[in-house]
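Two complexes are shown next, each including chain A; its partner changes from chain B in the first to chain C in the second.
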Partner chain A sequence: MSAGSDQARGWGFAAPALLWTMAFFVVPFVVMGAMSLATLDGRTLVWGLHLDNYAELASKAYLARAIFVSLEITLTVTVVSILLAYPLAWIIAFRVPQRWQRLALLLAILPFWTSYVVRSYAWLLVLAREGVVNQTMLGLGLISEPLTLANTRFATVTGFVHFFVMLLTLTIYANLVQLSPNYRRAAMDLGASAFQTFRHVILPLTLPGIMTGAFLTFVLCIGDYITPQILGGNTELTVPQVIMVQLGRRADFPLAAALAIVLMGIVTLAYLAMARWLRLDRL
Partner chain B sequence: MRHVLPWAYGLAAFAFIYLPVGALVLFSFQDGSLPVPPFEGPSLRWYADVLGDDDLVAALLHSLTVALGSAAVAVALGFGAAYGLARHHLPGSAVLRGLLIAPLTVSYLIVGLGLLIVVQRVGLGLSLWTAGIGHVVINLPLCFAIIYASMGAHQQNAERAARDLGADEARVVLLVTIPMLAPAILAAFFLSVMLSWDEFIIAFLLTRFDVTLPVEIWSMLRSGLSPRLNAIGSLVFLVSVAGILVIEFTLFRRRRP
Partner chain C sequence: MTAKILFRSVATTALVGAGTAASAQDELNALVWCDHTDPALIEPFEAEHNVTVNLREYEGTGAALALLEQSRPGDWDVLVIDGIDVFRAIDAGLLAELPADELPTDAFFPEVVMSENNGSDGAIYAVTEKFGYNTISYNSDAVDAADMENLSSVWSEKYDGRISIYDYYLPVMGLAALEQGIDTAAIDAAALEPIGETLSQMRSRAASVAGVVAAQTALATGEVDIVVGGGEWLTAVLAEERPELTWTIPEEGAVRWTQSIGVLADSEKTDLATEFVKYIVSAEGQARLATSSCFWGMPANAEAGDFLSDAQKDVLRWDDQADYLARTQLYPAPDTDLDIEMQDLWLNTLQQ
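Up next is the complex of A and B:
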């Protein structure tokens, strides 16, 4: 087989996927970028190289506020999820007998696969004013008035944390079981306490797993519309919620596109900040 | 104490993880009209109600169609790309791999928004087709990555042997490569089916009259808590669990040949 025909066949196999990605991902992305530089004159779209939409992000308080809210929620969720997931991954990796580990992990992340609309609804069921928590506590006489749990940032964060604890448990567990037990033994033999072993040996070695999970959490959390919309209500808007408002009521596609580009920019910055720990190919 | 603490934590974590799903499923069997304590039942009336609802059943069938169709296309394209890039020397293959993986790094919302803008510019109508196209975009990188990662030297030797024995490329692919990669191909297929089945935002942006199940559930949500939502949500969860068990088994088969 000559090199030329080898290449031609290779292209033949790869071309459909490449063309699909170009047509339905790259082209839309470029058009969206161009759209973010267009403006609306009344209802008509004016293409061009305007920075009006980006200027609006800086000048309109509710837009800047949305970026701030999104970042706050995302960072809170990422940190809390790591803190809750690490011990769980640890327990599954080191306390659960080997033959049950796979089952324990499967069970720990099974609800991860609930549709995210359904999962958010399920949390609403738990946290609503007439929901499971309030009804149970009222029934037991622990409270006399229902607590406001839903339609708050607390509800949004809870819904997110629930999802990402499962994701992070998976990535951290995968990292923990790859560690040779010799590292721990060596540290102990050299006189390190359990805490010192963790702090100076295990934690640095599991940093890639933590960071991979943290990055995925960051990306998925900051781009999600459903969870803040269902659980947070409209008390404060995140960037995806503002994008959806632009698309729906106001039909302001250029501003929505600009917000999407900003969202991408934030994710890119997060990636660059965490790149040296990320091993996305080893997922 | 040292022994109790981990188990207590594990138990609390599992309680947290299963609290919403547990409440969802339990109160789908509620006999009353509010899915909250006290529990009255069990009753299957809301399941009967949901399965008798034409809109919901139509949405469920739409979701299945889009999930199976988009997964089949994503796997076929992903396999082609993986085979083309792993078995043939293409110039700039690192760039091509990066291009194929790129949609993974972008929020679904942004993928959907970009497609929506283009579809509107071109003047194409929104339908289940446009949602399916969007789902192929998000699943193709996963299918490509999973299948590409499982194309090892082991298969390549078998392919060479088949070629030396006179098989043409089509036969090699159909009779050697695909059967040997079947677990990875199946895993990629079922993962794509599940992600499409659950996907909301792209389906929401890119459909209009015929909608998928998550979009239909979303529109039901406006009227607040209802045992009907519990029933349909439980059914959706059941399908997802079935999917994950199928993946678990197909992957297991690969580990223990």
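Up next is the complex of A and C:
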């Protein structure tokens, strides 16, 4: 078989994926980029190479603040989720007998099966002044007045963490169970303590699982509208919430597109920074 | 034999084609607010006209206009739209002229006929179908009802952290304007500074800024005791179970909302769509729309009272409408530039 026909066959196999990516990523991205450079004249969309929408990001304080709030919430959620998910994945991988691991994983991801919106509203009720958290603490005498938990950043972070701990547990668990027990045995034989084994052997080897989950958490969290809208009580606005306001009444698609492009830029930078810092290619 | 098979195929194809055409003729597509999705409202029309009404809910006029612009001509037949935004749909050439003489506007509450809002150059393109108030909803067991009669005492220190603000800038800024003694129709760029001061004060007292469901949940669960911008549309559906959740129109007045209905200019079923509009504004249709399971509100057609029970009229406060209509103002209807400034002020306030 000639090299030419091999090449043609290769393109043939790659074509569906390429077409899919072109149709559902590249083309929409180009359209969104072009839209972000358009302006609205009343209700009329004026195409062109205008930078007005990006200039608005600098001139309107609430837009810059929305980016800052989104980043703060996303980073908090990512760090807290990792800190909670890692021990959970560890316990499932190494402390739960193998025959029970599937059930343990099933229980860990059970909340995925409920509606995202319903779950958010459920958290609103749990965290309310009359909710179970406040009532329990009042009953135990830990507080004398109900705490304001709902409609706060704490509520938003709680709702997100509940969701993303499940995701991170899965990616970290998948990484942990692939590690040969010989790594730990070798480290112990060489005199490493349990902590040193974890710190210098297990943790570096599970970084790909952590980072995969962390990146997914970052991407999904920073672009999410529902959780901050329901649980945050609009006490501060994230970028997706500001995008929705632009679309809701005035249908300002150009400004919304510019904000979406900025959001995408942040995600790209976050990925590049993480990849460079961790040198993922070497892992 | 072959000829027979061919004939049957052609005949079947023709029948299927005719059937498709017939079924297409028997469907009406309406872009609506959630109160129109109540089967009790739609089914009588469907039964009478032997049609299926396909309903699509939307939130925000911008979203509706964008959807219409992206649709093919003829995809949509009927549009329900915020009363203050009818002019936007007219300017965009989206609405067809309605036969004004076939609409029962003579029986409407005069304040909500709003021919100037629903028409242009003497032609009528939409008709008001429902109205109500963005005012103060509260839990009468938890707050002093006398305090709710004055807007500045509503967002005073006494109720710090016990307030939720309805998440729609136009009516809330309308209420802030009223507290400042500014008519909603007189709001201009210069008025935004005092309005902004009131908004900041309101915001500093608020536990949340919430949409319909969240505000209702917050009031019902005791998370807050007051909803600024609430009204009958927020508490009426809870009236039977939670009579302590009520609403009032304070001394300074309140903001009035209206919703209108029209036929889309590109509709290929103009007659059927017009019949639907006529049904919605008929006395029977109005009574059903007023008490829709999604949210209650006053019918524009006063004759709907004949089809409402005394209990329903009590919840809607039917007998107080003359007073309420006199003391309320239509909520702000800014032009594009002012709208952008108002939205910016609102978002800045939320981010404080």
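Methods note: the second predicted complex is superposed on the first by the 236 of 283 C-alpha atoms of A that agree within 3 Å, B and C clash if a C-alpha of one lies under 4 Å from a C-alpha of the other, contacts with A are read in each partner's own complex, and residues count from 1 in each chain.
Throughout what follows, a contact is a pair of C-beta atoms (placed from the backbone, for glycine too) under 8 Å apart; a residue touches a chain by one contact, two chains touch by 3 or more.
In this text, all values refer to a predicted model and were calculated from it rather than measured experimentally.
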Exercise for the section: Pick one for A:Arg250: touches chain B only (first), chain C only (second), both, or neither. Expected result: second
Practice task
In the overlay, answer first, second, both or neither for which of chain B and chain C A:Leu124 touches.
Solution key: both
Practice task
Could you say whether A:Val31 touches chain B, chain C, both of them, or neither, answering first, second, both or neither?
Solution key: first
Exercise for the section: Using the superposition on chain A described above, determine whether A:Met264 touches chain B (first), chain C (second), both, or neither. Expected result: first
Exercise for the section: Kindly classify A:Ser115 by the partners it touches after superposition: chain B alone (first), chain C alone (second), both, or neither? Expected result: first
Practice task
Between chain B and chain C, pick out the one touching the greater number of residues of chain A.
Solution key: B
Handout entry: Contacts of A:Ala61 with chain B and chain C, given as first, second, both or neither
Key = second
Exercise for the section: Considering only the touch criterion stated at the top, classify A:Leu83 as touching first (chain B), second (chain C), both, or neither. Expected result: neither
Practice task
Using the superposition on chain A described above, determine whether A:Arg9 touches chain B (first), chain C (second), both, or neither.
Solution key: first
Exercise for the section: Quick one: classify A:Gly139 as touching chain B (first), chain C (second), both or neither. Expected result: first
Handout entry: Shared chain A surface residues [contacts with chain B and with chain C]
Key = 121, 124-125, 128, 130-131, 230, 247, 253
Problem - Touch list for chain B against partner chain A, complex - result: 6-7, 9-10, 13-14, 16-21, 23-24, 27, 34-38, 76-78, 80-81, 83-85, 87-91, 96, 99-100, 102-103, 105-111, 113-118, 121, 133-134, 136-137, 140, 144, 169, 194, 197-198, 200-201, 205, 213-214, 217-218, 221, 225, 229-230, 233, 236-237, 240-241, 243-244, 248
Practice task
Would you tell me which residues of chain C are touching chain A in their complex?
Solution key: 59-63, 65-66, 88, 91-92, 161, 164, 167, 207-211, 213-214, 217-218, 221-223, 336, 339-340, 343-344, 347-348, 350-351
Problem - chain A to chain C touching residues, read off their complex - result: 42-43, 60-62, 65-66, 69, 121, 124-125, 128-131, 148, 150-151, 229-230, 233-237, 242, 245, 247-253
Exercise for the section: Flag every residue of chain A that touches chain B in the complex, lowest number first. Expected result: 3, 6-7, 9-18, 20-22, 24-29, 31-32, 35, 84, 87-88, 90-92, 95, 106-108, 110-111, 113-119, 121-126, 128, 130-132, 135-136, 139, 162, 165-166, 219-220, 222-226, 230, 240, 243, 247, 253, 256-257, 260, 263-264, 267, 271
